[in-house]
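The two complexes that follow have subunit A in common; it is paired with subunit B in the first and with subunit C in the second.
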Partner chain A sequence: MASEPQGGLTEYIQHHLQHLVPHAAKEGFWAVHIDSVTVSLALGVIFCLWFWLKARKATSGVPSKGQAFVEMVLEFADGQVKDVFHGDRRILGPLALTVFVWVMLMNAMDLLPVDLLPVITEELGIKHFRAVPTADINMTFAMSITVFFLTLFYSFKSKGFGGYMRELFTAPFGSHFLLWLPNLALNIVEMVSKPVSLAMRLFGNMYAGELVFMLIAGLFSAGAGLAGWALYGAGIIGYTVWGIFHILIITIQAFIFMVLSVVYISMAHDHH
Partner chain B sequence: MDQVAAHIVQIAQIQGFTAIALGLIIGLGALGACIGIGVMGSKFLEAAARQPELMPLLQGRMFLLAGLIDAAFLIGVALAMYFAVANPLLSSLAG
Partner chain C sequence: MNFNATLIGEMIAFAILIWFCVHFIWPYINKAIEERQVKIAEGLSAAERARAELKNADTKVADEIRKARQQASEIIDRAQQQANALLDKARGDAVVEINRLKAAAQDDIAAMAQQAREQLRERVGALAVQGASKIVQREVDAATHKALLDELAAEI
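Moving on, here comes the complex of A and B:
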């Protein structure tokens, strides 16, 4: 049922855009998107177990291929942090690594065939299942708001309450008392725009990518007979081409999310 | 009968205007993103030709900026596709 469009492309896509929510709460605050939460948690656990196992078996001798890969990823993330942030990297480094690998894994769910997980879950009696957690705006906002709170925490920590308040009221224009309100307004706009743009960027990219996959899957499986099979073949080619291009987007978006998180947090450490 | 015809005309009108809007969103967004990527890519090649030893550093920055430039366009595409497959503006007519 989920593999071919019934009642047209629109219905096929609308069916695929529905999240799995608990029966008790169809909408409102408690309509938790179980699919996003499950997939993201599973991927987080996989990431932690994978890196932990490699770290536990690490040798200073000739590294195995798995260890070399983990070291490469770790040094890449740490190098990016080192470029931006000059200070103690004991928290920011692991944070950047976690954000990068986790977001990357969640984005990589886009490379699974769009119908694979929905078909499997449908066998289990679950009607809607969306596999890509980062194509869920709640997920991306959850991550960006966490980064926002971290920036607040580090602002208070590195400047103290008074120092941070003075910066909020006097930072861009000057310390004349008439400029306090404009300063504060501008700082609030800056503060709010960061998590919003961070979340919207990741969400927009992943959502658009997922929709293109769905459009390809829906459009090219609509034919019948021999022409249908020819269309199907063209669909496979189109799906592959977009998939290969999407690998680039997946990596770049994970990378950007990591770098911008690090930049925002290290900006919180800067004194004006 | 007249009411049904009027209803169809209204739906067609909304769909037509939405289609124009989609074209504008995707077309203008693509235009801007392409100009941005083009300017950045040319500058990157110039800089890399002048100072090849900076290549690795610049490459990272370039991909970061490519993602930033692409993002606004792709958000636009996501919005446009949402309107293309499930037009929320039509819901006001349903009632």
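Moving on, here comes the complex of A and C:
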């Protein structure tokens, strides 16, 4: 921002990386990121209302363009699920759809100018506001841990408690009692690595994307005089180029998150 | 990396979103899509059936046309035969009639000629009697000489 003092890029970025937290609890467990929660819930409600309205008026006859779009998104998600999961898709299909659209919408918040929402909230007296919920590690882990619980649920459901326990202790090396601990250790590593990698991938991409936007935005106030204007032009070009590239990242990350969630759950479902 | 209550709140939100989608979005849109799939499949099979029927009808029509043409030519043949027969019969009838008429006419002619000859004979007889009476200057008794006159008339 232009009001930042000279060499204020670091400060500018640090300012932008601060979450909005309640006055009562600035640190610790109850320092809820109000910005992430607000934006993600608003987008979730938008998703629900949008699709619900189309679903309510859904006709098997000639669809309106809006319905056709919603159907295309739904069939895309359904197709991805169908490819990896062979069973009843009445839960997994909606899950994939929700993940895809919600993550996509949250990622797309990155395309708003980095300063837009913070400036507006600052006018309202709120100092910090981060607009991209998926650049908040709480958000991505919330989703990946939910998916993890679902994999546990489906593991128990499809194999039973005993069957699942036997698998944890006997796969992949063998059922010799000396191999029980190595088996269990490996399975735990595998189990934990899935949600961690799922969450960290999305978080890392979005966080880095946001950071690059901030660095480019820093160019707008980087210099004075002719050099300043040159940097300003470079900033515009850079912002545009990165923005266009980021559309790709947004889509791909949403897609990857959806596909991996479905793959993990379907793996839990049809382990030998 | 500062985890806090946001995580749990977002997990609940995520679960609610999935639940909402499972119950209020997915079934309705999916139902519409599946119903449309059925409709399209039905439409395609109906079109296929109609095309087969059309092909069937085409061959049937061609068959009918061929049959009709054959029938028509048969009828024409028969009519021609009938016409020929009629013509032949008419010709035969005409010939018979002509012969009959010719014979009748010949009879008439013969009868008339006979009659004329009779009249002529009578007239010649009378004339001959008149002439003879003039020539002999005396009255010939018609009754006395009737036989003679008749003989004379017959000779004419």
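Here, the second predicted complex is superposed on the first by the 260 of 272 C-alpha atoms of A that agree within 3 Å, B and C clash if a C-alpha of one lies under 4 Å from a C-alpha of the other, contacts with A are read in each partner's own complex, and residues count from 1 in each chain.
As a convention for this text, a contact is a pair of C-beta atoms (placed from the backbone, for glycine too) under 8 Å apart; a residue touches a chain by one contact, two chains touch by 3 or more.
Not measured: the values here are computed from a predicted model.
Trainee: Which partner does A:Ile252 reach: the first (subunit B), the second (subunit C), both, or neither?
Mentor: first
Trainee: Pick one for A:Ser266: touches subunit B only (first), subunit C only (second), both, or neither.
Mentor: Neither partner.
Trainee: Please work out whether A:Phe51 is in contact with subunit B alone, subunit C alone, both, or neither, and reply first, second, both or neither.
Mentor: Once the two structures are laid over each other on A, A:Phe51 reaches subunit C alone.
Trainee: On subunit A, which partner's contacts cover more residues, subunit B's or subunit C's?
Mentor: Higher number of touched subunit A residues: C.
Trainee: Once chain A of both complexes is superposed, is A:Thr98 in touch with subunit B (first), subunit C (second), both, or neither?
Mentor: Only subunit C is touched by A:Thr98; subunit B is not.
Trainee: Between subunit B and subunit C, whom does A:Asn187 touch in the aligned arrangement: first, second, both, or neither?
Mentor: A:Asn187 contacts neither subunit B nor subunit C.
Trainee: For A:Glu71, decide between first (touching subunit B), second (touching subunit C), both and neither.
Mentor: second
Trainee: Considering only touches as defined above, state whether A:Arg90 meets subunit B (first), subunit C (second), both or neither.
Mentor: In the superposition, A:Arg90 touches subunit C alone.
Trainee: In the superposed arrangement, what residues of subunit A touch both subunit B and subunit C?
Mentor: Shared contact residues on subunit A (touching subunit B in one complex, subunit C in the other): none at all.
Trainee: Considering only the defined contacts, which subunit B positions touch subunit A in the complex?
Mentor: Listed in rising order, the residues of subunit B that touch subunit A are 60, 63-64, 66-68, 70-71, 74-79, 81-82, 85-86.
Trainee: Once bound in the complex, which stretches of subunit A touch subunit C?
Mentor: Contact set of subunit A toward subunit C: 28-33, 36-37, 40-41, 44, 47-48, 51-52, 54-56, 58-61, 63, 67, 70-71, 74-75, 78, 90-91, 93-95, 97-98, 102, 133, 136-139, 141-143, 145-146.
Trainee: Which part of subunit A faces subunit B closely enough to touch in the complex?
Mentor: Touching subunit B: residues 9-10, 13-14, 17, 80, 200-201, 203-205, 207-209, 211-212, 215, 249, 252-253, 255-256, 259 of subunit A.
Trainee: Would you mind writing out the residues of subunit C in touch with subunit A in their complex?
Mentor: Per the stated touch rule, the residues are 1-11, 13-15, 17-18, 20-22, 24-33, 35-36, 39.
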